[in-house]
Amino acid sequence: MHTAAIEAKGLTIEYRAGRARKKLAVAGLSFRVERGEIVGFIGPNGAGKTSAIKALLDFIPVPPGTCFISGMPSGDPRARLSVGYMPEVSYYPKYLTLSEFLHTCAAISGMPPRFRREAVASTAMRVGVHHHLNVRLSSFSKGMLQQAGCAQALVHDPDVLILDEPMSGLDPVARMRMRRLLSALRSDGKTILFSSHELSEIEMIADRVLLLNEGRLLYDGPICEVVDSDRNLEQAFLRLLGEELPWVA
Amino acid sequence: MGSLAIARLSIVEILRRKEFYVVLVLVIGLAAWMQTMNLGASGTGRFAKDIVMQVVWLASFALAVPLAARQIVTDVEQKTIYVLMSRPIHRWHYVFGRVGGAAAASAICFTSLFLVLVLMLLAKGVAGIADPGLWQAFALQITALVMICSIAVFFSTFATSAGTVTFSLLLLLMTRYGGPSILDRIESASNLGIFRDVFWGVYLALPHFEFFNISQRVVHGWGVLPSGVFLQIMAYGVAYSVFVAALAAVVFRRRWL
Amino acid sequence: MLLAAGVIALLLTSVLVPRLKAADPRDADILMQVLGGTADLAAEKAYQEADVYFHGGIAGGCPDEAVCVHGAMPHRGESAPLPLARLVKRLHGETAPRAHRHLQGKEEKELLPWFVAAVRLNPHHIEAWRTGSYWFYRTGDFQRAEEFIREGICHNPKDYRLYLDRGILYHRLEKWEAAATDLERARRLWKNSSEDAPYDLSAIRTYLRDSRERLQQPAISR
């Protein structure tokens, strides 16, 4: 049986909102991300994208049989052996240098010590932060922290990447570099699931798109199909959400 | 390996923050002042040894508790935990790594402060450093620090940083300075019936930091602890720490991050 | 310019005048200012700590003679034994000193810093001056004993007890004239202000009579 790189089956997440009330963040979400794909995860604020990602990574415990990474249940740490995650909010231990931070991440991922130095150096070079290896993270700008976050996601050479708003805080040059990096990673056979509010970026890079709204999957399909009848992904996004299209002169 | 790497984070943190160095300088200043002040009689070693020892012991707790209390809380609040827990480690790896890191960092701080005491004793010409009791006290204090770190990390899995520090220090002070008198009160309260047994159970479950405080024995020259007693207390400390850390891992296991 | 001078003068006055007016030297002492009212508590604690030191680190001396002398567990009445209580008590007994012991010989010097600390924190702690002077004498440091009690008198010139103790010290050191002078002053300052006051008066008279006899002076009238 063909195993998807990432799979969710009937994922439902409820948060407690007050004493007796519960808020449904994700309702019966099911999707697959096949190996080698780049899939964009889009939706308005509060749609449940981050909650779904947290469930995939076992930050939120879910019932067995709900989330899988490379065929393994998300609750099993071995499922994360080949996962690289870049969080939306780029907070990292401020008192570490970038090099120490990447070494620590590699060590926790189980990389043997003899491979770490080379892995850290090559990853930093690839992401474009090799000049800042001996600089403390406390003095990094927001954009540099994003790049550091990308580096820590890649340092152990994972097969699956889950990126939450990877373009956030990046200047245009850095965005271009990130797009090129994601494309290169796809060429290397990596699987990428990334969420973003930058629909133009998703349109440029992604093979497929998952559109979430109020915890439900509205659309799951190739980019080319969804923009076929609309000028761009943004207009398709608004149409699917049921909003009026903006007036175009 | 994951736990070790996480533990290393705590060690790097304490060495790069200023608090430890401030305390170290204060202790060095105190020891130097003890050397120079006119204490009314030459050759008196106990006074300086007692004062510096108490300050070093208490300072090590004062450094350990906030350090251990903020490990998990800071990770969750600042979301640095995501980067750690997205790796292939169990949650208990993370908890034990934090406990071990806090304990190791506290032990490093205490050892540095203890060296100041040792140097002061050497400078005073006191033969105290050859006293095996002093080294027993050192080992027991290290174990006590491991205990308090595991307790603080346990509290931090469900309480705020401030609450964790408060609860941990309360437990520490209550048992370290009031342990024997609490026992006496419970023993003599025969009219309480079943509640006496309940209080006794709670008392036994408390961390008995009073066992680890042999500073008065060392200062007043009461000799070494019998080796059997010493090993019993050390074993108790290690077992208690592991048990509490395991409890913390259980509490943390189902926590939403 | 005039305004600036006025402000500076006001600032200096607010700092200097209280210092100049301070009748109690403690008001000018930075340590006392930092400690405030807790200085007296700390002084008393330091004084009590001397007793703890004298008993080898055990507060209150020996709490139970049976424990101290015979090493037996104290009898606590008829309550049922609690599980593991024996073990816990044994560990308490091993980790904290329990036996009855006094400092002896050269070890007695270990008490002295606590008296020095007590009077530093509270120069009006009469008992600390008295006891400290006694222990300086007992450890053989006669000069320091004399200096210590003299300093106490400087801080407490109206307290007869310090003159009494210095008189007794001089008497022991066979300085009869100095002893007589101090004991005479103690007699003049004596007040019946405590339970021990009648005994102190008796001691004043006894030592004064003896000092005068040794000086071959006529005895005082009762």
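Some observations on this one:
Every chain is named by a letter (A, B and C) in the order it is written, and numbering of its residues begins at 1.
Please note the rule applied: contacts are C-beta pairs under 8 Å (C-beta built on N, C-alpha and C of every residue); 3 or more make two chains touch, one makes a residue touch a chain.
Computed from a prediction, not measured in an experiment: that's the story for all the values here.
By the count of C-beta pairs in contact, the leading chain pair is B-C.
Compare each chain's C-alpha centroid with the centroid of every protein C-alpha atom shown, and the nearest one belongs to B. Of all the chains, the one whose CA centre sits at the greatest distance from that of chain C is A.
Note: centroid distance chain A to chain B, computed from Cα atoms, is 41 Å.
Centre-to-centre separation of chain B and chain C, using mean CA positions: 36 Å. Taking each chain's centre as the average of its CA atoms, chain A and chain C sit 73 Å apart.
Residues 1-2, 4-6, 8-9, 12-13, 16-17, 78-80, 82-90, 93, 254, 256-257 of chain B touch chain A in their complex.
Residues 53, 56-57, 76-80, 82-85, 88-92, 94-97, 106, 109-110, 112-116, 132, 136, 139, 141, 144, 148 of chain C touch chain B in their complex. The touching residues of chain A, counted against chain B in their complex, run 54, 57-61, 77-81, 83-85, 87, 89, 91-93, 95-96, 100, 104-105, 107-110, 149, 152, 162.
Listed in rising order, the residues of chain B touching chain C in the complex are 38-41, 43-48, 179-180, 183-184, 186-190, 196-197, 200, 204, 208, 210-214, 216-217, 219-222, 225-226, 229, 232-233.
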